[in-house]
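Dropping the structures in below, format is structure tokens.
Same chain, two partners: chain A is paired with chain B first, then with chain C.
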Partner chain A sequence: MSVLASTQPRPTRKRLRLDISAKQALFGYAILLPTLAIIVIFRFLPMLQAFYISLHEYDLIRPPRFIGLENFIDLLQDPLFLNSARVSILYVVFSCVPVWVLSLALAVLFNREIRAKNLFRSAAFMPVVMPAVVNAVVWTFMYHQDGVVNTILGWFSIDPIPWLRSSRWALWAIILIGIWRATPYYMVIFLAGLQAIPHEYYEAAQIDGASPWRQFRHITLPLLKPTTLLVMVMSVIVAMKVFAVPLIMTGGGPADSTRVLPLFIYQTAFEFFKMGRAAAMSVFLFAAVMVFTLLQIRLFSRGED
Partner chain B sequence: MRFPTGFLALTLLVSLALVTGPAVGPAGAGEGPTPAFAFPSENIAIEVWWHEYGPFTAYVKELIEAYKKVRPNVTVNPTVASSTDMNQKLTVSLAAGTGPDVMDADASYYVAYYSKGVLEPANLDVFGVKSYEELMARYVPGGLASGTFDGKVYTLPYQGNSMSLFLNNKLFAEAGLDPKRDAPKSWKDLMALCPKLKKVEGRRTVRKAFEFPYHSPRWQLQDLQPMTEQFGGKILSEDGKTAYLNSPETVTALTLWRDVTKACGDPKNTKNTASNPNQDFLDGFTAMWVTGPWATPQVQASPIKNEFTVVGFPQVDPAKPHTMVYGWAWGVNKNKPEKNKIVAWDFVRFMLAKPEEWLAKAGFVQPVKGVGDTEVAKKFPFFEVHMKDVATASWYIRSENVNEIAQAVGRAVDSVVYDGADPKAALDAAQAAVEKILKK
Partner chain C sequence: MGRGSRHRHGVLTYPLLFLIAFLGLLPYYWMLSCSFKTNEQMFAVPIQWFPDPINWSAYGDAWRAQDFTRYILNSALVALAITVGNLLLASLAGYSLSKFRYFGRGVLFLLILSTMMLPLEVTMVPLFLIVKQLSWPNTYEGLIVPFLVEGFGVFLMRQYLLSIPNELIEAARIDGASELRIYWQIVMPLCKPALAALGVFTFREAWDMYIWPLIIVTKDSLRTLPLGISLFMSSFGTMWDQLMAVAAIGTLPMILLFFFLQRSFIQGIAITGLKE
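On to the complex of A and B.
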């Protein structure tokens, strides 16, 4: 029977005929699909889930209870949340602005013909490759009463500063680490931007008698605009999300002086088990980052046309 | 061959005596040979989670090997996590329905697990008792208080730590003091010693006489709670619904904390961290430090070696001593199959059967009766001091919001000590924050 069945002529099927460009496009989508699926499943779905949870009271074990916007209203009246938001803003402002200036200055310096340039570039990049946890532990020792930082201050007859054990100093200590760690990373991005500027512009300016400052002001800075935008947006987003260093070095203390928003979100979710409240904080953080990024893009694109 | 009836009866009696008779040593929760109950005969695997602490982990692994010999049909799969991560790992896994059969948690967290309905009450048959009262009777009074809810015992502690005062003998001798004769009994005594023990060179503190903990809000509450209770107050009501953070007693306790700190310590200068909470004492940087008996092996392994003395937790009134006990306990996951739960409680019973081994191998004191009579306890440095502090202690507060309460207390302490805030104002803020949390 089976032999007979196999000798039967197969019904003719209409084959879908695709031209070469459609086939290429299809192949391209097929390649993209796994990555796209991963991004959707592990990035966008959790984000949507966070929005959903932010409207609920949820302690992980008992079923979520819908409470509408209560979490958001509560947060706006919560002095701890407002303090945490303030600490985060201070961290972003006082770590990002110096990072922009320093990373650009270093990039300009390393873009020049100096001896052992590559060695210096590599050395400057070291803080970036060091894991955040190692950074935090090393700096904890450096900030101790008898650590390197206070020893150096002692050479100038300055009394030891309780860097991590004083609500006056702790945030500055954390900010300093942020600057130290981020500067070389953005320096590399600025360096790439600088190297993309045609050298002929500088030669022409030199022939016209432009001073180095005028060259920097009228050639380098305008042509670095897209790079600067990238650095500003990235650095603000990264600074808004700072977490490991304050968690390890101060745990948010003393007296909440270093409790940045991501740390407070983590504590609310995984120490206090208030997932809805933590998700609402995350939504606030997301909105703040989004608004700030759009604002930066708008400022930079003004006059583009 | 027929045995005479009398011989058979005698054999039966001897066997019965062997099975049910009293074991040598203290009366632990799982004391004595395996009681008679229906133990599953098929192959069963259970998951056991505990928090990382070197000697503790080594001992539990030893117990797992020993249990395999007694129950060859049971496989015990271990998971070890850091003490700081354990609570979140447990909560997340219990939420996902993948939690362990046997869990280990800080005793103060179990109230949250109980209220969320994930705890299985102790299996009385497994422990060979008829009632929870009978099980409680094996412990020192209040020994099971942290894990008893609505009259049922849900968790069994493997450590109930006293808070006692450790003194560095060498630093006492350097200051012309005798750690035995001059050991402080009260906070007043302690403050009187500080000028002799504290050393400052210029504006640098080179030795602290005494220090309170600042590395963790939970530790700060561990000290503020007994101090408040010494003044006749309390941090939280029994039902956990009312906080008394700005009561006159708590304010007085925090004021005392501030004054002791000014006279004896330098909180801006410390190497203590959550993972190394005793570091300043071990380094000889702090002469007096409050910690638990579990720190004894660490002290002995440090440059201090055996040159230390342990005395009772300082008191407001030494005639009316009051201190605090905190610890970790085993619990069983309610959402597991019945047979797993029987095996899980049997494994807990087996683990807790020899309190003297817990003391010898991990430095943990089980709050069971008779531990002090064992040879191990007699050799354990200052065991009687630790037990005396346990006897006058109340357990660390129980609340679903224990971490938030500890955070609020820690914030108040920090702002008083670091920023010079007024204790009453700082505790008013803490009370307002905690009231808001408890109201929900």
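On to the complex of A and C.
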């Protein structure tokens, strides 16, 4: 392009063109600017600042005092923090694994020819529509000792469970809600993935006499791998952030059994005003999100070779 | 799949579908039916599957106890502002990053992308300190401005615009259309499906927003609906019937959104599954 331009003896044209492209570049910068400003001020700087504050003691009243890694060292010896990390890990593992299986199963089901498909699919999708806080409020009442959940369990002769009142059950109660709400969300993503698989593959497999299970195992699963990776990463990150439901339903209790990490960060910062300590906890959370994302991408891309 | 297996699939499938529908709808039904009970009826043993007698007073009582109209208006204002902001800023930024050439474009895009995976729960402490510095706690600015654009929206719009041929834009330039006009009259209409999905997705998230208002709002007049509902639940010996009434009203906008914009609603979730 530049060689061509230099051989053409038309300097005025060329300058005009440069002017235009400079103008366009300027316009490009200008329309990016508001987004850039907001992202830098409210996302990028806070990310860096989290590290800075984590090295300080700060209660919002006195100026921050530099204390090095003390917050981190304290946290690793703090039974409350270790408990909170444990609760978060339990929540993530036991809510995500069932969600992967169930959402894929639902997607496969709704990808078939069924009557009144739209109606059933909408009904299955409804948990996503319910606002998070409403979800917490309604389920709190449903988990009541003589409430609807225990009544339904009673149909199968299961004794009433003291869901939110017992430190043994409260986390499971919250995990069940997490599964209820997340499954249809990832079902939609799996459905989009399933619909992208060409029909011809299945037709060919049917001609070869492959059973539905073999078709699923050897066509659906391998071709869904990118979608599966994405669902796994997304669902884990979303589960790591769970906050409204435990805060509203249990406040972290009974006996700290539902105090997930984000809830503990919130309480440390805005109930006990230990900003440095809370920031150090967010650094741990951040590290967990990052490590997990990278690890999964790594694992999956290795399998692809 | 042979004919035999097709028959079997029918027999097994429909009870399963009814079970799924039952589980999906049960909390809705329970919320609605309880909002038409008195507090005593709600705790009746055995439970009343259908309110008997039907009681309408919970709705009025709740509104007399708290100014929920105000909370709903606050939520609507905040969610709408955030949605409009995201649509405008993300499409402008996506347009810039996909169709213009300038120095540093790749780095700026990476910078925006790097904030995509970042949960608010990680940055809430420093973000609060920044907003405090701006003296924005207890203001609409504080509720809205930090969320006017998200890395995800920019990424989405950029990917979408990359698939739109440059010739359309070039042709308009040759016709002498101004850059802003090209954006507004050519690029925006072409992006409609992506904008609809992003818009519904953003509105839903903003209507749901809880942790941030909880941190920066202490004044009653600025409370959003999720905040109002959660405070109503934790205050003075919870009036469950009224709480269910408020919850039902707070869910209504989402249900309307779902039924009238079903396609975009579902698309809005499917796009979060986009890959690079």
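By definition in this document, the second predicted complex is superposed on the first by the 274 of 305 C-alpha atoms of A that agree within 3 Å, B and C clash if a C-alpha of one lies under 4 Å from a C-alpha of the other, contacts with A are read in each partner's own complex, and residues count from 1 in each chain.
Just so it is clear, a residue touches a chain if its C-beta (ideal position, glycine included) is under 8 Å from a C-beta of that chain, and two chains touch if they have at least 3 such contacts.
Being a predicted model, the structure only gives us computed values, none of them experimental.
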For this session: Give one of first, second, both or neither to describe whether A:278 is in contact with chain B, with chain C, with both, or with none.
Result: second
Larger residue footprint on chain A, choosing between chain B and chain C, goes to C
One more residue to check, A:27. First (chain B), second (chain C), both or neither? second
Ask   = Given the touch rule stated above, what does A:157 touch, chain B (first), chain C (second), both, or neither?
value = neither
Who does A:270 touch here: chain B (first), chain C (second), both, or neither?
both
Which partner chains sit in contact with A:167 here, chain B, chain C, both or neither? Use first/second/both/neither.
first
Identify the partner contact of A:59: answer first if only chain B is touched, second if only chain C is, both if each is, neither if none is. first
Q. Counting only touches as set out at the top, which of chain B and chain C does A:253 meet: first, second, both, neither?
A. first
Chain A contact set shared between chain B and chain C covers 140, 144, 270
The residues of chain A that touch chain C in their complex are 21, 24-25, 27-29, 31-32, 34-36, 38-47, 49-50, 52-53, 106, 109, 112, 114, 119-120, 122-142, 144, 146-148, 151, 180, 184-185, 188-189, 191-193, 206, 212, 226-227, 230-231, 234, 237, 240-241, 243-244, 247-248, 261-262, 265-266, 269-270, 275, 278-279, 282, 285-286, 289-290, 293
Interface with chain A, chain C side, in the complex: residues 1, 5, 9, 13-14, 16-17, 20-21, 23-28, 30-31, 34, 42-43, 45-47, 89-90, 92-93, 95-97, 99-103, 105, 108, 111-112, 114-115, 117-130, 145-149, 151, 154, 179, 183, 207-208, 210-211, 214-215, 225-226, 229-230, 233-234, 240, 243-244, 247, 250-251, 254-255, 258, 262, 265-266, 269-270, 272-273, 275
Seen from chain B, its contact residues with chain A in the complex are 87-88, 91-92, 94-95, 112, 116-118, 202-205, 214-216, 267-271, 273-274, 401, 403-404, 407, 410-411, 414-415, 417-419, 433
Note: in the complex, chain A contacts chain B through residues 59-62, 79-80, 140, 144-145, 159-160, 162, 165-168, 251, 253-256, 267, 270-273
